[in-house]
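So, here come the structures, one by one.
Here come two complexes built around chain A, the first alongside chain B, the second alongside chain C.
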Partner chain A sequence: MRMKTIINIVIIAIIALITLFPLYWLIITSLKSYTEIYANPPYLYPPNPTLQYYIEALYKFYGLKYLTNSLVIAVTNAAISTLASLLAAYAVSRFNFRGKDNLFFTFVSMRMAPPAIFAVAYYYIFCRTLGLRDNILALIILYNVFNIPIAIWLLLSALEAIPKDLDAVAQLEGLSHFKILFRIHVPIIKGTVAVSYLLTFLNAFNEYLFASFITSTEARTITTALQGMITVAGVYWSQMAALGVLSALPGIIIAVIARRYLVTGLTMGMV
Partner chain B sequence: MNISKRERLYPLIFTLPALVVYIMLAFIPLIFTIYLSITNVRPGVGTGEFVGAKNFVDVLTDATTLASLRITVIYTAIVVAIELVLGFIIGALMYESITIRKVLTPLLVIPLGLPPLTVGLIWRFLAHPDFGALTYYLRNALGINFNYSVNGLQAFTLTILMDIWMWTSLVAFITLGGMLSIPPEYTESFLVDGASFWHRLRYLYFRMIKSNIIFAIILRFMDSFKVFDQVFMLTQGGPAGATYYISIHLYRIGLTVWDLSRGAALSLVILIIVIIMSNIIIKVMRR
Partner chain C sequence: MLPLMVEVRLENVTHIYVTEKGLKTVALDDVSITFPSGKITGVLGPSGCGKTTMLKIIAGLLRPTKGKVYFDDKDVTDLDPQKRNVAMVFQFPVAYDMSVYDNIAFPLRIRGVPKDIIHRKVMEIVDILGIDRNILNKNAKGADPGLRQKIAVARAIVRDADVLLLDEPLTNLEPLVRIELKTKLKEITQKMKITTIYVTHDQAEVLTLAERIAVMNIGKIIQYDETTRVYEYPIHEFVGYFIGNPGMNYIECSLNEEKSVLECKGFEYTLNRNEVEVLVKYGKEFKLGIRPEHIIIDESKSDKGIKGKISLVERIGTAFLYHVEIAKETTIIAKTYKQIGLREGDTISITLPKDKVRIFDKKTGYRILP
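Showing the complex of A and B:
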């Protein structure tokens, strides 16, 4: 019995160390000065911790602006994709119409396709045709392409669990489909709606590839800003690490809060 | 009459927002990509004329593309194999001990929530040739002169380690999900018989959660095949093409070189591979 406890502690310690050390290294890098970063042997803790580099990252390197852009894009896109998916999931679960069976296939394909395959097409649609180059609106629209399938998937299984008899009663009361969805179904599945919002928010906030060619200065997101700092400010390691920590915060918070659903979202609810 | 017409319109109204998104972001790009792939479009150079299958032949006989496909397949095979074994073991450890499960679950989800680009940044700092902790300990503890920015094999290995760090926990959670649905009597009978941990892995869990394992393989295969952000941040495909995975190649042909037609042809080839794989997934999941 005691032996088993010791083994468990060892296993936990090893896995926790491997998982957390890379993240810890990023955090302490953001709290070290340039010379402290280059110290040999390396400091395993920040010798003179200071928030100075966070302030510089936010103001001198416009991190605040880029974080705001990312947040605005993610908040708006998550709302749009959750709402659009709610309507579509209701239609799939409550109506019979042609093309319904192709949905599953379409979603799996969308989940699997490398985003880079349509990069050129998106560049032409958003930057050349719609004139939305360096405009956050382009990303708010574009991120629906991966967020709607995930949101429909999550919401569909929740809606399917609501008994159809409930709709029949509501219809007898004279409620329209919109009212059935928003007044009766949504309150029942509000937990899933919240999860769907959080996961689509996270996907939008974390995206890099599309943002890299749609935005340049004004609409730049936090991930693009991080990539950009490599070439522009090759020596500002502390500030770059600070921005990296800030970019990781929503992901860490949402992953820990919605951990059960994060896996559901990543696997399209197939587990 | 009026009511039945409205009834028929409802599915359309409800699916309209999603439908518009799909026409704009999947259908039109697809048509546009097909158009590019059979013509000769390249800003300043191309004439825009119809060239048939020439772009497909060009791109599939191009040495850079083939090299990129090759290392992507090798990378994918290695990461999927390692993540599967490690993830399966961690999943079993979490299944058998509630303490391990409770403590590790909130930790293991963290890499899954991070922006992949930030994961690239984390590993850049960890493996920096001058100040990375990994570089320092490899040199001082194992005597390995580690510099991923010049050594191709080391860069390739580093991207594999990064992928394992990032995604092993997903496999662990998928396999754990399968194990949790094994009837407890089965596990108990193995424990009563005194079967060793490896014996339980091989003859109990592996047999009981085969469909989860197949699903994990396919999912990880597709995701590592399209790897982009974190590698782009860490190595930008270098040094000397050692980590020039297919998504990075696509991005470069399209948005750096602007060789639009060949890029489009390659996109379609990859899309066809994806569609075949999706069909296999659906078959596996329906079984």
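Showing the complex of A and C:
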């Protein structure tokens, strides 16, 4: 028994080390100067920690602007896709209509192809047809494509778990379908709604591929900005690491705050 | 606002469920019935006979495949449930994810009733149902089934609906809670004078509550009458068996050659001329029915009566059930509240009072006499 706990702790420690070490390296890199980074043997800690590179990353390299772009896109897109998915999931769960079963398969199957194969089509649609090149609106709309199926999948199983008799009672009490969804169901599944919002937020915030070819300067997001720091004049490692830390922050914060929610919400979705 | 007293009428209502695979279930088969306004009517029937389906059609949650639903003279067949002013309490108690108080107040808030009136009404109902005032601020989600069902009942009656539908409201509750809520329901429904339909498959529940009952089986109303008449004069073998605890005893009989007595397993039952005249029209095979509580146990051990051996003695509540084997493979149950000094294996003598004996057609199961 004793032995088992020790082994468990060792395994957990190794896993933690493997996952956390790159993060640690990123953080100390953001606090080191160019020469310190290339020092041999490498420093395992920042010898002269400074926030200078953060300031440079945010202002000189427009990190603040890109970060704001990413946040605006993620906040808005997560809200839209969660709301739309809530309505869709309610419809799928509560109404009978033609093609209902296939609809869901369509959503899911779209996720099976590698996203890159849609890139050309999306570029054409958003940049040419809609004229939204380098516009955050394009990404806010585009991210629904992969966020809505995920959110529907999560919310649908939560809604399915609510007894239909509850709707019946509410209907008899005079509630419209909108009111049933927002006043009766949403309070019950608020945990899953929160998970759905957070996951779609992270998806949007972390997205790289589409952002890289739809945006260039104005609408640039933080993930694509990182790449922009590899210039002909050299790689600004410290500033890049600083920006990297900042872009990792939302994920880390969400994971810490919503740890419990995420686990229950996700397992609920899995049925 | 006092509830309007509404008479609920179903006219030739048929309901067929079609599953995704195209399987059809006829849940209601040409049902016509009128539920009188301001009264409690019981609906009884075995599981799957279409009781819930009927309530859902009355509530507007289902559109009948065929037929019409009227509230008084108004055709409501196509009216949305939101517009019918019907309240329904379901078999599995459901409560919203909010405090107990908010749950009960909710239907009034939706209607924009002033706060002070809401408070007065909620507290009134809370007290009637015996809900602890201290738990009103707790969330109803975690409440036990008994409390959840009380909340559901409270929510249904707080808003003065025209029609109250109770779908097996006690079935999933613990025995003690069940008795408590049953008493409360009786008080409330008698005071409210609201058209109430009480569905159950437990007849003991409904016999004390309802003046009239409808007995259903496989999508049809078999008998609809005053409770005492249904009990005394079951129209069909099924009703006699289903109503009563335990149900009616049936003994197979045939008319003898001389057409003077019914030869039953274990005894003979004498008939008068009028009875014979009626019976011969139906052939020779019959079933004699008698309720366990109507059988007279002869304690004087005299020679008359039907002799049998006690094969089992059971207790239900305060009553004793004597299973009496009067012939091979023919056992009838006698129910008595008196303690009598007889045990399993003893011989017993019983008589069947003539005014309580019912005779059914063996082929169709319908009652012939009286």
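A few remarks follow.
Here, the second predicted complex is superposed on the first by the 244 of 271 C-alpha atoms of A that agree within 3 Å, B and C clash if a C-alpha of one lies under 4 Å from a C-alpha of the other, contacts with A are read in each partner's own complex, and residues count from 1 in each chain.
To be clear about the criterion, contacts are C-beta pairs under 8 Å (C-beta built on N, C-alpha and C of every residue); 3 or more make two chains touch, one makes a residue touch a chain.
On a predicted model such as this, the values are computed, not experimentally measured, just so you know.
With both complexes brought onto chain A, simultaneous placement of chain B and chain C is permitted, the two fitting side by side without a clash. Legend: residue contacts after superposition of the two complexes on their common chain; A:T29 is shown touching chain B, with no touch to chain C. Note on chain A: of its two partners chain C and chain B, the one contacting more of its residues is B.
Look at A:L172: by the touch rule set out above, it reaches chain C but stays clear of chain B. In the superposed model, A:L142 makes contact with chain B only, not with chain C. In the superposition on chain A, contact is made by A:I184 with chain C only, not with chain B. When both complexes are overlaid on chain A, the residue A:P163 reaches chain C alone and has no touch with chain B. Following the chain A superposition, chain B and chain C show a smallest Cα-Cα distance of 7 angstrom.
Interface of chain C with chain A (complex): residues 56, 59-61, 80-84, 86-88, 90-92, 94, 96-98, 106-107, 110-111, 141, 152, 155, 159, 161.
Only residues 10-18, 21-22, 24-26, 28-30, 32-33, 36, 90, 93, 97, 99-100, 103-118, 121-123, 125-126, 130-131, 133, 136, 140, 165, 169-170, 173-174, 177-178, 212, 215, 219, 222, 225-226, 228-229, 232-233, 246-247, 250-251, 254-255, 260, 263-264, 267-268, 270-271, 274-275, 277-279, 281-282, 285 of chain B touch chain A when the two sit together in their complex.
Taken together, the chain A residues at the contact with chain B in this complex read 8, 11-12, 15-16, 18-23, 25-26, 29, 37-42, 44, 80, 83-85, 87-88, 90-92, 95-97, 104-106, 108-125, 141-142, 144-145, 148, 152, 177, 202, 205-209, 213, 222-223, 226-227, 230, 237, 240-241, 244, 247-248, 251-252, 254-256, 259, 262-263, 266-267, 270-271.
Within the complex formed with chain C, the residues of chain A that make contact are 163, 165-166, 168-176, 179, 184, 187-188.
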